[in-house]
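As written, the chain order gives the labels A, B, C and D, with residue 1 at the start of each chain.
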Amino acid sequence: MGGYGTQIVNLFAATLLLIAFAMLAQRRIVALIHLFALQGLALVGSTVTVAWVTGQHHLYYSAAITFALKVVILPYILHRLIRRLNVKWDIETLLNIPTMMLVGIVLVVFAFNLAIPISEFSTSMARGTLGIALACVLLSFLMMITRSKAVPQVIGFLAMENGLFFAATSATYGMPMVVELGIALDVLVGMVILGVFLFQIREQFDSLDIRHLESLRDD
Amino acid sequence: MDVIVLLLAIPLAGGAILWTWGERESAPEVNSAFSLVTLVVACWLTAMVIEGGPILGFYEQFFVDSLNVFLITLTAFVGFTTSLFSRPYMRTERDRGRMTGPRLRLYHSMYQVFTFTMLLALTTNNMGILWVAMEAATLATVLLVSVYRTAASLEAAWKYFILCGVGIAQALFGTILLYFAAERVLGREGNALLWTHLDLVKGELQPAIMSLAFVFLLVGYGTKVGLVPLHNWLPDAHAEGPTPISAVLSGLLLNVALYSIVRCKVLADGALGSHFAGNMMMGFGLLSVVVAAFFLSRQRDIKRMFAYSSIEHMGLMTFAFGMGGPIANFAALLHMTVHSLVKSAIFFAVGHAVQKAGTQVMEDIRGLLKVSPRVGWGLMIGTLAILGMPPFGVFASEFLILTTAMREHAWATPILLLALGVAFAAIFARVQPMVFGDTGHPRLTHQPALTPVFIHLGFAFMLGLWIPPYLAAWYEQAARLLR
Amino acid sequence: MIGSLLTIDAVLIVVAAWIVVGLAGIAAVRYPGFVAHGLFPLSAALSAALCGIALAALPGTPETAILAIGLPGLPFHLRLDALSSFFLFLVGIASAGISIFSAGYFRRGEGTPAGVMCMQYHVFLAAMAMVIVSDDAYAFMVCWESMALSSYFLVTTNHRIPEIQRAGYLYLLIAHIGAIAILLCFGVLQANTGDYTFANMRAQHLAPFWASCAFLLALFGFGAKAGVLPLHVWLPEAHPAAPSPVSALMSGVMLKTAIYGMLRVTFDLVSTPIWWWGVVALSLGLATAFFGVVFAAAQVDMKRLLAYSSIENIGLIVMAFGLAIVFRAYGMRSLAALAMTALLFHCINHALFKSLLFLGTGSVLHATNERSLGKLGGLMRFMPWVAWTALAGVIAAAGLPPSNGFASEWLLLQGFLFTGALPNPYLKMLVPLFAGGLVLVAALAAYVMVKFFGVIFLGRPREERLEQAQDAGRLERLGLAWLTAGCILLGLFPAAVIEAIDPIAFSLLGQGLAQGGRVGDWLMLAPVSAERASYSAPLVFALIVAIVLTTFLAVRRFYHGRVRRAAAWDCGTPFQTARMQDTAEGFGQPIRQIFEPFFRMRRELPSPADERPRYRVTIEDPMWAAIFVRIAAIIEWISGVVGTLQRGRISIYLLYSFVTLVALLLLTQA
Amino acid sequence: MNLEGILAQATAMVVALVVAPLLTGWVNVCRAWLQGRSAPPLLQPFRALHKLFWKESVIAHGATPLFRLAPYVIFGCMLLASMIVPTLSTNLPLAPAADAIALVGLFALARVFISLAAMDIGTAFGSMGARREMLVGFLAEPAFLMVLFTASLLSDSTSLATIVTTLGHREFTILPSLALAGVAFVMVSLAENARVPVDNPATHLELTMIHEALVLEYSGRHLALLEWAAALKLFVYSCAGLALFFPWGVAQANHRTALALALPALIAKLAIGGFLLALIETVMAKMRIFRVPEFLATAFLLGVLALLVHQLLGA
C-alpha cells in the first residue's frame, strides 16, 4: 500500500513540476490563474495521499487549508482582480519562451543534483520529491524574474509558496501546526495587501506594467 | 500571567485599538503610551532575565536569554522614542495634508503591529514562528512605505514587498530543510523547530542538509538585513516611507533580521563544525560595506543616503558576527546597539530637517544651524557619531571589530578602512553644507521633538567612553552564547 | 606614593578643570562678557599651572595611571614620562599666552557664540593634553580624534562662508584618513597579541618588515596631521579660516602633537629604528620645508603665508627627526641625542613664535578687517605693540641670532655637520647635501619673514582706513608679551633649555647630550666640545647692545644728534603714492620667477592698450591637482561603476538574488 | 680671560675699525689706477665718514624708530663679526661666542634689519632695494655657509679659531675641495659686498642698484654708520677668506710680538686681496639683476660640490 502511496505522491510531484513548466510558458493571465489553481489541486492531492498513507492527521487540516486558500480563494480573488482591472493579456515576457524552457531544464537538473544527497536521509515515503519541490521553487523564481507585469509576478510568487508547501508536506510530513497556520495567515494577508497594491498601482499609472516602476535608481 | 505574553499582548492590543480610533487628535499620545508600557514590561523582563537567567515561556514557545533580551529592550526603547518623535512629525504632516485621517489610523495601528512582530520574532523559540513574524513585519510596514501614495512610494513599496517576499520565501525553504534535518533527531513532535532543542542536538544535525538550509536562510533573512546584492529594496523603502518608519526599519527591522541569521549560524556551526557559515557571512559583510560606501557618494536624497549607510553598518556587523569569537561578537552586539540608537536619532533629525526644507534633496537643505540650531547640531553630531568619530560608541565597536580583523583576517582590514574612509568623505561632504551656511527655511508649525535625538546620542556618547559593567557583562554573556 | 598626589594626577586635574571651564562656557552662553573676561583668563592660569607641573615632572621617573573609562578590558592607560611632560610643557606655555589673548580677542562673537566656542576651545586643549599622556591605543585614538573634531568646529566658526566650510571639510577628512593610518599602525605594533596598551607594544620585537610598515603608517598618519608633503593641503586652507587664536593653537601646538606621535612610535614603541627610515624622513622633511617656504614667499594672504611657514618648520623638524633616526640606527647615540635635542628645541620655539605671529595677525585682522597683504601696510605707526612683538617673532622665525629660532637651527646644523663617523658612504654624501638644503630653506625663511613684516607693518598704509587702526587691547597685549618673553628667554639661554630637555634624549636613546661633559654653562653653549663648536647667545646679545649703545653715545658725544624731518625723496617725480611700494606679489616675484616649475600659476597680464590695466596672478598648490583631484576622480569612477547595480528594475533585482542563491548553493556542493 | 686676551681683542677691534675704511679706500684707489683715472686719496673714506657725521640727518616723515635703530644694529653686527673672525690672533676671548654659523647669522641679522629699514619709508626704491637685497641674501648665505662647512669638515669644527689653527698648522697641500670652496667664496663675497658684477657701488642707476637703493633714504650719521658697516663687512669677508684659504701668519697665541708680526702680514694680504678685487671689478661687467640668481646658484653649487669632493676624497 505504501508503495502505491509513494507512486501516487510521485505522480502528483511530476504533475506539479509539469504545471510549473506550463506556467513558465504560459502567456495568458487567465490560463495562468487556472494553472495555479490546478497546481494547488495537485498539492492538495499529494497532501491528502501522504496524510492517508502515513496517518498524519494534522495533514488533513493543512490540506483543507490549502484547498480553501489556493484552489478556491486566491484564484477567485485573482479572477476578480483581473476582471476589475481588465487586464486579460500578458503578451511579452522579458525572455523568449524557448530560452526560458532551456534555462528551466538546467535549473531542474541543478535542483535534482542538490536534492539527491539530501533525500538519502529522508525517512519519508517520497524521497525524490524534495528535488522536485526545489525545482518548482526555482522555476517560479525564474518566472517572477521574466514576467513584466504585476499579476503574473504575483502568481509566480504564489506558485513559489506552493513549491515550498509541497516540500514541507512531502519531505517532512508537514511543519508543526502553529507554523502552518502562521504561514497560511501570512499568505492570505499578503494576498489582500497585494490586491490593494495592484489597485493603487493601477490608479497611479493606469497600467500594471511594472516597467513603470523603474524611477528609483542610482546609476 | 506570563511576562512575555504580556509583552506581546500590549502592542497587539494597541494595534487593535488604534485601528479603531487611530485618526483621533490624541492618537499619537495613545501610541506613545502603548510604546511606553511595552518598554516598561520589556525592562521588567530584562530585570527578570538578569536575575534569573534565561526564561522559557508558554509551552516552550517563547525563549528569552541574554542574547535577545537586550535586543528586546533596545527594540522597545527605540520603539518608544520613535513614537515620541512621530507625534510632532505626524502632526506637521497632517497640517501639510500629506497625512489624512485613515492614513494616520493605518500608521498608528501598523506601528504597534510592527512592534509586536519585532518582539514576537525576538522572543519566539520556534524557528517557524520566527519566519512568520519576519514575514508579518514586512506586511505591517509595506503599506506604511506607500502611505503617501506617490508614484515613487508605490514603486518603493512594491519592490519592498516583492523582493522581501521572495527572500523570505527562501528563508521558509531553509526553515523546512532545517526541520527536515531536525525531525530525524528530535522526532516529529512540534518541538523539532524549537531553538532550545535544536541548540542541544545541533551536533547531530545532518551537515549536508544544514549547509543547504543555512544558504537558504542566509539569502532569505539576508534580504531583510539588506546585504549586498540583496539590498535593492532598502534604499527605496527608507527614502519613500514616512521618516519614523525609516527610523524603525533601520533601527529595529535590520537588527532583528540579523539576529535571526545569527541564531541560524549558531546551529549551522554546530552541525558543520567548520567555518563555512562564518566565511559566507564575512563575504557578504565585506561586499556590503564596500559597495555601500561607494554608493554613498552618488546620493542626492538625504534619507536614501543614510539608508545606504545602514547597509554599510549592517555589513560591518555581519562581518563581525562572521568572524565570530568573543571579542568580535561583543563588538558586533555593541555596534548593533549603537547603530540603532544613532541611526534612528539621525532619522529623527533628518525628519525635521526635511520638513523644514520641504524636500529630501540635499542640495536644497541648507543652514539648519541658523533656523533651528538643535536640529542642526543633532544631525551634525549624529552624523559624526555614525561615521565612527570618537568619543561615540560607534568608534568603540568599530575599533574592536577592526582590531580583531587585524588579528584574524589582516587582509580584510585595509579594505574595511578604505571603505570607511570613502564613506566618511561621501557623507560628511553632504551633511556639512546642510548644517552650516545660510538659509531662508520657515519655522515648523509644531515644536520638533528633539529630546529623543539627544537621549540616543547621549547613550551613544556614554557607550563610547564608558560601558557600564553590568552592560558589558551582559554583552559578554551574549557573545559567549554565540561562541 | 599612596595618598599623596602624583604629578600625573595634577595633570588630570588641570584637564578636568579645562573641561569644567568649557562646560561653564556653555552654561554662560548668554553672557559672552563673562566668558571672555572670566573664563579665558582662568584657563590661561590653568595652562600656566600645567607648565609648572610639566617642568617639575620632566626630570622625574615615569608615572602611570589608569582611568576607569574606555572599553571593558581596555581602560584608559595614562603615562607621564619625560617626553610627554616636555610636550605638556609646550602645550601649557603656548596655550597660556593664547588663552589670555583670546580673553581680549573674542570680544564680539562672530559666527559661533563665544560660550560654545569656549567649550570647543577647552575640549581642544584637554584633548591635546590627553593625547600626550595617553598610554594605550584606544585612549590615544579617542583623544586624537576628539582633538581633530573640536578643532574642526573651531575652524568652522564662521561657517557662513563657503571657503571656510570647504577648509573645514578638507581638514577633518585628512585628519580622519590620518587617524585610520595611525589605527593601522597600532594594529601592526601590537603584533597579534590583541593587547593594545603601549606597554605591550614596547615589549614586542617586530620583524624589520612589520616594523617598517608601522613606521611608514605612523609617518603617513601623523604626517597628515603635521602637514608633511603631500598631505599638507589642509593646512593653508584651515589656518586662514580659523579665528586667529585657534590658528595659533593649531599651528603652534596641535602640529606638535603629531611630532610627539612620530617620536613616541619611532623611538619608544618600535625599539629599533632602521637607517633608511631616517633617509625617508630626511627627504620628506626637506621636500616639505622647501615647498613650504617657497610657497610662503608667494602668498598674499598673511595667515596663509604663516600657514606655509608652519609647513616649512614642520619640514625642518621632520629632518631633525630623520637625522636622529639615522644616528640612532647606527648606534651613534650622542649625535642622535644632539639631533633629538635640536628637534625638541625647535618644536617649542616654533610653538612660541608661530603662536605669537598668528596672534599678531589676529590683532591686525581685528583692527583692519583685512587679511590680504596687498591692502595693509604702515601699521607699525598705529599698532606699535603688535608690531614690536611681531618683530621679535619675525626675528625668531627667520632664525636670526640671538633669537631662539637661531639657537635650534644652529644645533640642527651641528647635527648635520658631524657625520664623518657614519659607516654608510652614501649617507656620508647625502647628509651634507641635506644640510645645504636646510640652509637654503633657512635663508628663504628670512626672505619670507621680511616680506611678512615689511608689507604689513612698514611702509605707508596702502588704504586710507588703515590710519584708524587701533592697537591691541590690554589682555591681548598681555598674551603677546607672554609669548615674546618666551621667545627671548629661550633664545638667550639655550643651554638651560637643553639641560632641561636632556632627560628626554636620555630616556629615548639611552644617552643624553649632557652625558660626560656638560653642554656648557648658562653663558656658553657647546654641545660636543668647546673646540668643536660653541655659541653664546647672551654674549652676542650683550655685545650687540653694548656696541649699539656706545656708538649711539659716542656719535652724540663727538658729533651731534640733530635730526630734521622732511618728505621722502620723490626721485624727481611730482608725487609719491603708497601704491608705488612693492605689493606682496611684487615682493614675492623673484621667488616665483626662480622656482617657477614649483607653482601652478595663472597670470593676467594687462596689454599696453587697455586703459584700465589690471594685473592678477593666482598661485595654486600643484599637489592638489597632482594627487587629490586624481584620487577623487578615481573614487567617482568606481562609484559610477557601482551605481549601475541600482538600475531600478525589479526583474534585475530578482535576478541578483536568484544568482546569489544559485551561486551559494553551488558553493555548498564544492 | 686674561689681560693679553683683552688686549688682543681690543687690538682686533681697533684694527678692524681702522683698516676697514682703508681697505675700501685702497680698492677704490686700485680701481682708479686700473681704469686709468686719477685716484682719490687713500684716506678718502675717513673724510667722507667725518663729513657725514657732521651733517644733520634728514629723516622722512612717518619713519618709525626702527628706521633710526637699524644703522646702529647693523654697525653693531658688523663690528661684532669683525671681533670674532681671527684677523690677527686665533686666541680671542670673544671668539667662542659665535662660530662660523653664528657669523653667517650675524650677517643675516644685519641684512634683515637694513631691508626692513629700507621698506620703512614706503618708497618704491626702498622696497625694491629690500627685495633685491633679500634675493641676493637667500642665495649668498647658503653658499657662504657651504664654504664654511667645507672648512669645518676639514677641521672637524665650526669654531673659526679652531678652523684657522688646524688649517694653518698643516703643511701646504692643494686641497681640491678648498679650491672649489675658494671660487665659491669669491663669488659670494662679490655679491655680499655689493660689488661688480652683482652690484655697482658707484652708481645710482635705479634699474641696477641694490645697496644704494637700500640706503637711499639715509643721510648724516646714519648713512655714515651704514657706510662704515659696509666697509667692515668687506673687511670681515676678506679676513674670513684669508683665514680660511691663507691662514698663515695669524698669531696662535697672544704674545705682543706675535701680534706685531701678524699685523703686517694681514695688511699685506689685504692689500693683495684688495687689488685682486679691484681687478675683478674692472675686467668684469655688471650683469643684469635677473642673472644674479644664476650667478649665486653657481656659487652655491660649487660650495656643495666642494663639500661632496671632501666627503669623496676625504681631502
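In this section, a residue touches a chain if its C-beta (ideal position, glycine included) is under 8 Å from a C-beta of that chain, and two chains touch if they have at least 3 such contacts.
Note that the coordinates shown come from a computational prediction; the quantities given were computed from them, not determined experimentally.
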item	value
Chain closest to the assembly centre - both centres taken as Cα means	C
Centroid comparison with chain D (C-alpha atoms), farthest chain	A
Inter-chain centre distance, chain A versus chain D - centres from mean C-alpha coordinates, in Å	102
Whole-Å gap between the CA centroids of chain A and chain B	31
Length of the line joining the C-alpha centres of chain B and chain C, rounded to whole Å	44
Length of the line joining the C-alpha centres of chain B and chain D, rounded to whole Å	79
Where chain C touches two or more other chains at once, by residue number	643, 645-646, 650, 654, 661, 665
Where chain B touches two or more other chains at once, by residue number	158-159, 162, 166, 212, 235, 295, 298
Overlap residues in chain D, where contacts from two or more other chains coincide	none
Chain contact graph, described as a line, ring, star, complete graph or other shape	other
Touch list for chain A against partner chain B, complex	56, 114, 117-118, 121-123, 130, 134, 137, 141, 144, 150, 153, 157, 160-161, 164, 167-168, 171-173, 175-179, 182-183, 185-186, 189-190, 193-194, 196-197, 200-201, 204-205, 210, 212-216, 218
Partner chain B, residues of chain C touching it in the complex	68-72, 137-138, 141-146, 149, 156, 159-160, 162, 165, 168-169, 172-173, 176-177, 180, 183-184, 187-188, 190, 192, 194, 196, 635-636, 638-640, 642-643, 645-646, 650, 653-654, 656-657, 660-661, 664-665, 667-668
Complex contacts: residues of chain A adjacent to chain C	94, 110, 113-114, 138, 141-142, 144-148, 210-211, 213-219
Touch list for chain B against partner chain A, complex	61, 126, 128-129, 131-132, 135-136, 139, 142-143, 146, 149, 151-152, 154-159, 161-162, 165-166, 169, 172-173, 175-177, 179-181, 183-184, 188, 190, 192-193, 206, 208-209, 212, 235-236, 239-240, 295, 298-299
Contacting residues of chain B [partner chain C, same complex]	158-159, 162-163, 166-167, 170, 211-212, 215-216, 218-219, 223, 228-230, 232-233, 235, 276, 280, 291, 294-298, 327, 369, 384, 387, 389-391, 395-396, 399-400, 402-404, 406-407, 413-414, 417, 420-422, 424-425, 428-429, 432-433, 436-438, 464-467, 469, 472, 476
